[in-house]
Amino acid sequence: MIYRECGQFKTSYGSDQAIFPIPQDRWGVMLALLIAFMVIPAIANEYWLGVILTPFLILALAALGLNILTGYCGQLSLGSAAFMAVGAFAAYNFELRLPGIPLLLDFVLAGLVAAGVGIIFGIPSLRIKGFYLAVATLAAQFFIEWSLTKFGWFSNYSSSGVITAQKMVILGYDFDTPLRKYLLVLSIVSVLALMAKNLVRSETGRAWMAVRDMDVAAEVIGIRIMKTKLMAFAVSSFYCGVAGALWAFAYLGTVDAQTFDLHRSFQILFMIIVGGMGSILGSFIGAAFIVLMPIFINLSAHALFGNAIRPDLLSNMELIVFGGLIIFFLIVEPLGLARLWQIAKEKLRLWPFPH
Amino acid sequence: MSFFFEVLIGGLLAGVMYSLVALGFVLIFKASGVLNFAQGSMVLFAALTFVSLTERGINFWLALLATLAIMVVLAILTERIVLRPLVNQPAITLFMATIGLSFLLEGLAQGLWGSQPHGLNLGIPDDVLVIGDMFISTFDLYAAGIAAVLVGALAVFFNKTRVGRALRAVADDHQAALAVGIPLKHIWAIVWAVAGFVALVAGLLWGARQGVQFALTLVALKALPVLILGGFTSVPGAIVGGLIIGASEKLAEVYIGPYVGGGIENWFPYMLALMFLLIRPEGLFGEVHIDRV
Amino acid sequence: MNPKRTIGDVILEVEDIALSFGGVRALSHVSFGVREHEICSIIGPNGAGKSSMLNVINGVYHPQHGHLVYRGKRIRRMHAHKSARYGIARTFQNIALFKGMSALDNILTGRNLMIKSTFIEQAFYWGRARSEEIAHRRRVEEIVDFLEIESVRKVPVGRLPYGLQKRVELGRALAAEPQVLLLDEPMAGMNVEEKEDMCRFILDVNDEFGTTMVLIEHDMGVVMDLSDHVVVLDYGRKIADGTPEEIRDNQQVIDAYLGVAA
């Protein structure tokens, strides 16, 4: 009833091309931002801010990155965590070797380094497709993990390859409490998400989707496959790189290469499967789902069995539930939760007169 | 020079075992056109089930049969619950479903039998054979022998029998295969069962070598570069690819490793396969594919 | 008659094109020319090499022998993305739309070569990115109007019926404002009314913009009505080339279609 377009007329192409053409969507996004920036800081405790919301936002950013590459450009990658690692180590090294570098510039540079590495590992995508490419991205995962561990320079010769992120200071303001970190991460993620939304609805995004849907036809209408694919790798890796830097600086504080192992890559992949391929909103829904699910399993297991349950059994249960859910989602709604949301919206637009 | 050959032979023997795991992938790819990411988990599941059964005092052969039966049931369940609802979906969807399946199997295997590592003794002598001044592990020799026999048998089975032909038809086009009367369900169940059997053998051999534990799933990751090298649909490709990867990986570790700090086994095969693909995208035995528009 | 419609000089020539896949000959030494503003039909039995010919012209396939001459420029090896830059657009026999995108977005991709803004501007939806997006939208809406697909503009094309998909694909090709338009069986699988609509679109485009057309079609009635010039292929060889009237009376063509009593 509320979500209805009746009587809304657009009088210019500009307004129909706006980022959220339907006013209700616009208000919805405003409301979400308002809650995230004003309400949550007021009511959430440190545990929620530091242990759940901050990592959720960062993983959503990484999922967004992967979604650009896989959901929009159709190039399946199993190495997104490796690009997070590149971002984290690059941010650490810029801070270390260029003391006094502005924090945001540091994150941007870290993202750019990740983008560069992403382009290098994206080169095989010009000749190989599908599973072959998926397997090839594993090379990035293993090679990057290995080099960050093996070459002491990256971690400033710390004994076990662990890096400790520097303090986050912008213009003398120290982001040291969970609340401040949360707000910083939220700001960065909001801006990057907005930019991603803009990109995918403009020429760049259309070229990505064209390559995804039918690359021969895309080439025939003049889209350069090489440029388009490498751009997707670069932008995707940039997002993952910034996410990795935030993971080290705003969430964990100390990380090593194994923080970003194959399992993390899969975790991010699951987020976009569950949330929805080719959907910005889906990246967030998927991340929320995957972050909250273990907590939910944990709580319900404790509620059901008390403390008698063995921790390793719990982690195995998690595996089973995750695996099962992935299969369930692929069978029931291959386009993810975001698609369900969209269907609901389409229904609402016509309700209560569907014909 | 004999050191070189020692490393080479060790690598080739390991390579045969890679081929074995890779073969599991090839079988399923041929039948359903999907890269079965759960192959590694099937290896773990089979090995863990077998070793847990024997540890509970069940006779070796009985345990082997029981595990095989369980793998067949698993194959049928996979076909029913995972594959059948996804017929005609894009291959990439099926691939992601198998990633889900791999998590499910890992959780299931460890949830049922526990997460602690098990030793496994198959009664294969583990001595060192001295030829000239080369040292070669007899266990590796036996394991490679068993793997070679299995690989050969499967190659014959899939190239010379009706099931093999049906397989190729199914892989090409699910619907067309159904239309000409190939029982898709049965074919898939059979193939997954055979893949389960291959996983069992691989699990036993690898398990006896490095213990039955979670790390067994990583064996599958070793087989992936073999696949890109040899092509996803080629049985000879899997064999030759396995040998190349096994040998070059060991040689690289010995001769290049020391210069870069070692531990390159994890990624070297991938890089090798990638380099190869950049030169020849269709793999060792693949055919050049023409896009029709 | 509209001055644009006056048929001009030859602008596109294929010369001595030979193409084979493995051992299979798809085209052997085919040459013909297409004059500016004309509608040229390529006809022939199935497997005659018609689609291959179009694929050679816009660089999807690379012939082993021969070359193209486009506006006096000799091109030995055409690349697909280059052909678009030369102003050659194309529709496909088995619709090659971007299935996950809306009709509007599909047609908009046709204008990709005219986009000047960088991806940074696009990320901020600022400056040129914004003004371009709106300007191109306006042009695309004209095409949408012309093809009468207003009601489905925001529907993902994967959900559209076949006939509408064919129109969207034509729209995508038109969006590029091509000088030469290659149409691969634009009317295949259509009923009479849909065919009439499509014929009207083709003639209108040719009339109004003077677009040179090369089309493949099996419906002889359509071919004879539309074409200024017909090329007949059989088993990869050119067996006839001329006006519709000449083709109608050509004995070789009749033999190729009806078979010759041995």
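As written, the chain order gives the labels A, B and C, with residue 1 at the start of each chain.
One rule holds for everything that comes next: contacts are C-beta pairs under 8 Å (C-beta built on N, C-alpha and C of every residue); 3 or more make two chains touch, one makes a residue touch a chain.
The structure presented is a predicted model; accordingly, all values stated were derived computationally and were not measured.
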item	value
A-B against A-C, pair bridged by the larger set of C-beta contacts	A-B
Centroid-based (C-alpha) most distant chain relative to subunit A	C
Central subunit by CA centre of mass proxy	A
Inter-chain centre distance, subunit B versus subunit C - centres from mean C-alpha coordinates, in Å	48
Distance from the mean Cα position of subunit B to that of subunit A, given in whole angstrom	32
Between subunit A and subunit C, centroid-to-centroid distance (C-alpha), Å	41
Per-residue overlap in subunit C, given as positions that touch at least 2 other chains	60, 92, 96
Multi-chain contact residues (two or more partners), subunit B	291, 293
Touching two or more other chains - residue numbers and ranges from subunit A	216-217, 220
Contact footprint of subunit A on subunit C as seen in their complex	58-60, 80-81, 83-85, 89-90, 92, 96-101, 105, 108-110, 112-113, 115, 117, 119, 122-125, 129-130, 133-134, 137-138, 141, 172-173, 176
Of all residues in subunit A, those that touch subunit C in their complex	12-14, 16-17, 19, 195-196, 198-199, 202-204, 206-207, 209-210, 212-214, 216-225, 231, 235, 278
Footprint of subunit B on subunit A - complex, ascending	76, 123-124, 127-128, 130-132, 134-136, 138-139, 142-143, 145-146, 149-151, 216-217, 220, 266, 269-270, 273, 312-313, 316-327, 330-331, 334
Touching residues (chain side subunit B, partner subunit A) in the complex	35, 81-82, 85-86, 89, 91-93, 95-97, 99-108, 110-111, 114-115, 221, 224-225, 227-228, 232, 260-264, 266-267, 270-271, 273-274, 277-278, 281, 291, 293
